[in-house]
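Below are two complexes that have chain A in common, paired first with chain B and then with chain C.
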Partner chain A sequence: MSKFSGLATGKRVDGYVSRRAQVLKAVMKLQARLFFADPQWVIPNIIAPFIFTLVAFFLFGGQATSSSFLLYLVLGAGLMGMWGTTIYGSGFSISFDRFNGTLESTLAAPIPLSWIVIGRIVFNTLQGLLNAVLILVIGLTWFQVGFGLVNPPLFFLAAVCTFISLAAFGLVLSAVVVLSRKGGFITNAMEIPVYVATGTMFPISILPWLALPFAYFLAPTWGIEAIRLSAIQGYVGIGTGYWTDLGVLALETAGYLGIAFLLYKKVEAYAKRNGTLEEY
Partner chain B sequence: MSKQGPNPAYAVEVRGLTREYTTRSFFGSVSKVTKALDGVDFAVKRGELFGLIGPNGAGKTTTIKILTTLLTQTQGDAFILGLDVRKELYEIRRRIGIVFGGERGLYNRVSAIDNLKYFSDLYGVDPAVARERIPQLLKVVGLEDRAEEKVEKYSRGMKQRLHIAKALVHDPELLFLDEPTIGLDPGGARDIRGMIREMKSQGKTILLTTHYMFEAEELCERVGVISKGKIVALDTPSALKGSVKDISVVELRTYGATQEYVEELKRLPDVVRVVADLDSEMQLIRVQTPQGANLLPQMAAKLPNGARIIDRTIKEPTLEDAYLRLVEE
Partner chain C sequence: MKNTERLGFPERFLTALRVFKGAFFFGRKGLIIWDSWEMWVMQIAITPIAQIGFFAFLSIYLKYPVSVTQYIVIGNALQSMSFSAVFAVANITSQDKWQGTLPSTMVTPANRVALFIGRAWFQVLLSALIATAGLVYAGALFGVSFASANFVGIAVVIFLTSAAMISFGLLISAVGLYMRTALIVANVFLFVTLFLSGVNFPVSSLPGWLQPFSWTIPLTYGTTALRMAIAGSSLTALLPTLGWEALDGVLVMIVGYALFSGFETLSRRTGRFEEY
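Coming up: the complex of A and B.
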């Protein structure tokens, strides 16, 4: 009798939602295992947030006249941490498979590639959230920042929406990286300008007018505004108000998701037409 | 005239498959078009073990990529289990398994069991079935004792056995094995060949590509020889060998033979082909000739000073001899 006889077989997961949920869960579990298996991730996730916070406090903290300004800094540093992790993870989401030699196996799976990438990006953004929480903890404990939120439910809502917008933006970037071998350069080049353009460390009103359209196009600009409005007493910011900021954030997030959907359709067709996705 | 649909007797059916690669200049204009496949036709019966052999760059990998839905053809039709590779890719992917040769295709920093769990989820295997099937598969491929170890600690042979388990995790009907024994030691390669036979005995259809002629001869019911993007022969290994029954193979083991000696042999009358391995201290030279042993005195006479023949054997032509004739014609 063959060694391969008598192996368990049975039904498959077929429902549209359950199938995608199965894939998202599997991808996130694998990402978590790979994360813990590789010590290099300590740098962007543990050391980098610590550095961001230190830099922010040494740059501005000495001039702080109120605890609200310190909270302003801590929230900005938290968003920087989230953004850094998201952009790093998005740029690397497919390159990782190229380096690892698993891209063919990933592409050969009976599920659209975008769902595998979504799982990775959600995990990366969750890492970014952890990163932001760590920055907050450092700020609260070491630098004695007061964390008296103006409106905790609205703060939570703004934080969740910002989280989703970062994931959506990460999805767009990951598609760009897949489509162009120069994509890695693009994502690397975007890391620092976004820190500047989204007002993480200072108000965007002091930016030159040419930079403002770029700042308004980026969802984190609106996300950090809404977060600060709901957290800091007397914060005015751009002056558009919490709900307007959140509305623009939602619109831009929807735009990112639409762009990502179109790009991923192109990615799948491109991969099949050119067969060069494994090259790097 | 309407296009002919797939034949239900075939697990793989390929008609006029053509694939061109276009290279573009910096400004986007077409600078070069390379034809990797040029009107390939073949079919694999359900339950058959079919071999696709050919030199590097002949079109084997391009064919496999199209059949596994990873690449689109420029022209022609390809059906897998009656499904069109251009239109029904996700259904095809669910029903096929792929074993890539070499080190590709596994997450090295996690365990074998984590790899199999991940791919079973990607392929939509019910988690309850996977919980039962994965340990069974690891046992079958002989990895049950090291299932929790990181794959990076595995030997090349163990990784290849894990590749087999991975390809079978979703119980596919059709398997594509792309050079599954490449880089393995003889023992590891023998294990993999044993598993291929076992999978075949389970009724799986298998399409195997290989560089090793003895492997194709030993395993495959039929073999397609691909060269320069075309199928140049398709038959059973014994029938293909029959195409070179007019020749014998004189196999010489020599000491001190040089490339000049090989060139001298090629110039002898009635020598069809000479294949030589001169890299080691003792050289192996295979001479295809219709004269057989009659040519030995002339071969000995051409030896350079100090060189000698240590052993000589007259052999029946193998699939490799047939293959060499086919791809060089």
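Coming up: the complex of A and C.
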């Protein structure tokens, strides 16, 4: 199809980039409407990171005297919050279509499925950003965490890059489970292992050596390192430095995106050929 | 179908037992999405180690003594069963709503208690398996010693805690009859037990006003009893704690049944069985 009708506005949209931008806008708009129609669904995504953080604060107890120590925790908790919603968005993006019977219409849209899923995941990850802010506010008010950032612009850059990497990782996961009716549940099971492997609440150096390759493979590991380096005075972490962390993060994110698009192309073609996507 | 109104108590009891048996086996078959080897592996092998690992590494990072880390490991090994005992059971009514089978289920004249407890009971076995896997990890990876453990006591604690926790799952499931889904409440309860049930730190560390809530959750008694059994306490020594746990489980079940009946009536009146 050389010409394409805009999904949300009805205007004709030409060009590779503008067509996809139009789709992303329409999907995110729909996601936002679904969210505001039934906002209770944000609770399952917030509750796990929130309770994990609360338990961590209790465990820290008397040790939680230094503000940099608390900031370390709060930043990790923020990442957990973002990850919780990303994983929910990626795992259930197709599952909910199955539940609601809208999968066929979604598949029939003249745009690759991957772009529709990207829109959904980006919205959910943005929602996760709200979780992160909520946890930060709780940290600042309830636990009296000082929030003096070492370098605010670098902190902002690292946060944005981490946000993109989480969305990209979510896209890979969604591509892996898209054919399965168990998709949402499988990705949900990834929630806590990723908290552990990315060092959200403790340095990855204390993990067993067997777990380290997984930790290094996960882009959010580098993201949280860069965030902490730009936020906490005297933070050392892995020791690779801010720009190296950001470089590895960018490389891995690009890798995730490449893998995700390739997988989606193959999976979508396979599902259409075999008629298995609707399987419930 | 026989009209059970005219049957005497023994016959009604036998009918309820048959319903329970059928519901028990359906409890597994009905888990269409979950009933596959990869989902069992995920639940039994991955869930407990991920959760135990998170809190154990946090304790190691904080340089707590090994005994504290092991306290946390044991607590989380038992709590990880909640994914099955609470979460899966709580979602029975919600899942029926999604699949469009709730109205048909609710119009059957079958005994409600036998039907829903039967469906939930399958999760007792799964929960016990998850907790056992958690304890295997505790011994193999975190050095928890079972040298002087009372294994019969451990088995009793695991089984009783699984059974008592499904009563909480059923209570939340009742909410799902009336609300669009029980998933939200189930999620909150599932994770709140990590904080309230003496899983990661003693209940006495909590603020005073929160402690009574802790003792309404069967898991709180379960974690206490499990640590005692691993330390070698006899069944007699465990009996008071297990007794309180069993009583708590029964009371929660009674409250759950009352709630279920109430929400059933309300849902019939307002036609909310279909809403999801």
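Methods note: the second predicted complex is superposed on the first by the 248 of 280 C-alpha atoms of A that agree within 3 Å, B and C clash if a C-alpha of one lies under 4 Å from a C-alpha of the other, contacts with A are read in each partner's own complex, and residues count from 1 in each chain.
Basically, a contact is a pair of C-beta atoms (placed from the backbone, for glycine too) under 8 Å apart; a residue touches a chain by one contact, two chains touch by 3 or more.
Just so it is clear, the model here is predicted, and its values are computed rather than measured.
In the superposition on chain A, A:R33 makes contact with chain B only, not with chain C. In the superposition on chain A, A:I116 makes contact with chain B only, while chain C stays out of contact range. In the superposition on the C-alpha atoms of chain A, the part of chain A touched by chain B in one complex and by chain C in the other spans residues 38. If you check the complex, the residues on chain A that touch chain C are 38, 40-41, 43-44, 47-48, 50-52, 54-56, 58-60, 63, 99, 181-182, 185-186, 189, 192-193, 195-196, 201-203, 206-207, 280.
Considering their complex, residues 32-34, 36, 38-39, 42-43, 46-47, 50-51, 53-55, 57-62, 64, 98, 180, 183-184, 187-188, 191-192, 194-195, 200-201, 205 of chain C touch chain A. For chain A in complex with chain B, the residues that touch the partner chain are 2-14, 19, 22-23, 25-27, 29-30, 33-34, 37-38, 100-102, 104-111, 116, 271-273, 275. Of all the residues in chain B, the ones that touch chain A in their complex are 21, 62, 65, 68-72, 90-91, 93-94, 98, 100, 102-110, 114, 117-119, 121-129, 132-133, 136-137, 140, 150, 166, 168, 170-171, 195, 198-199, 201-202.
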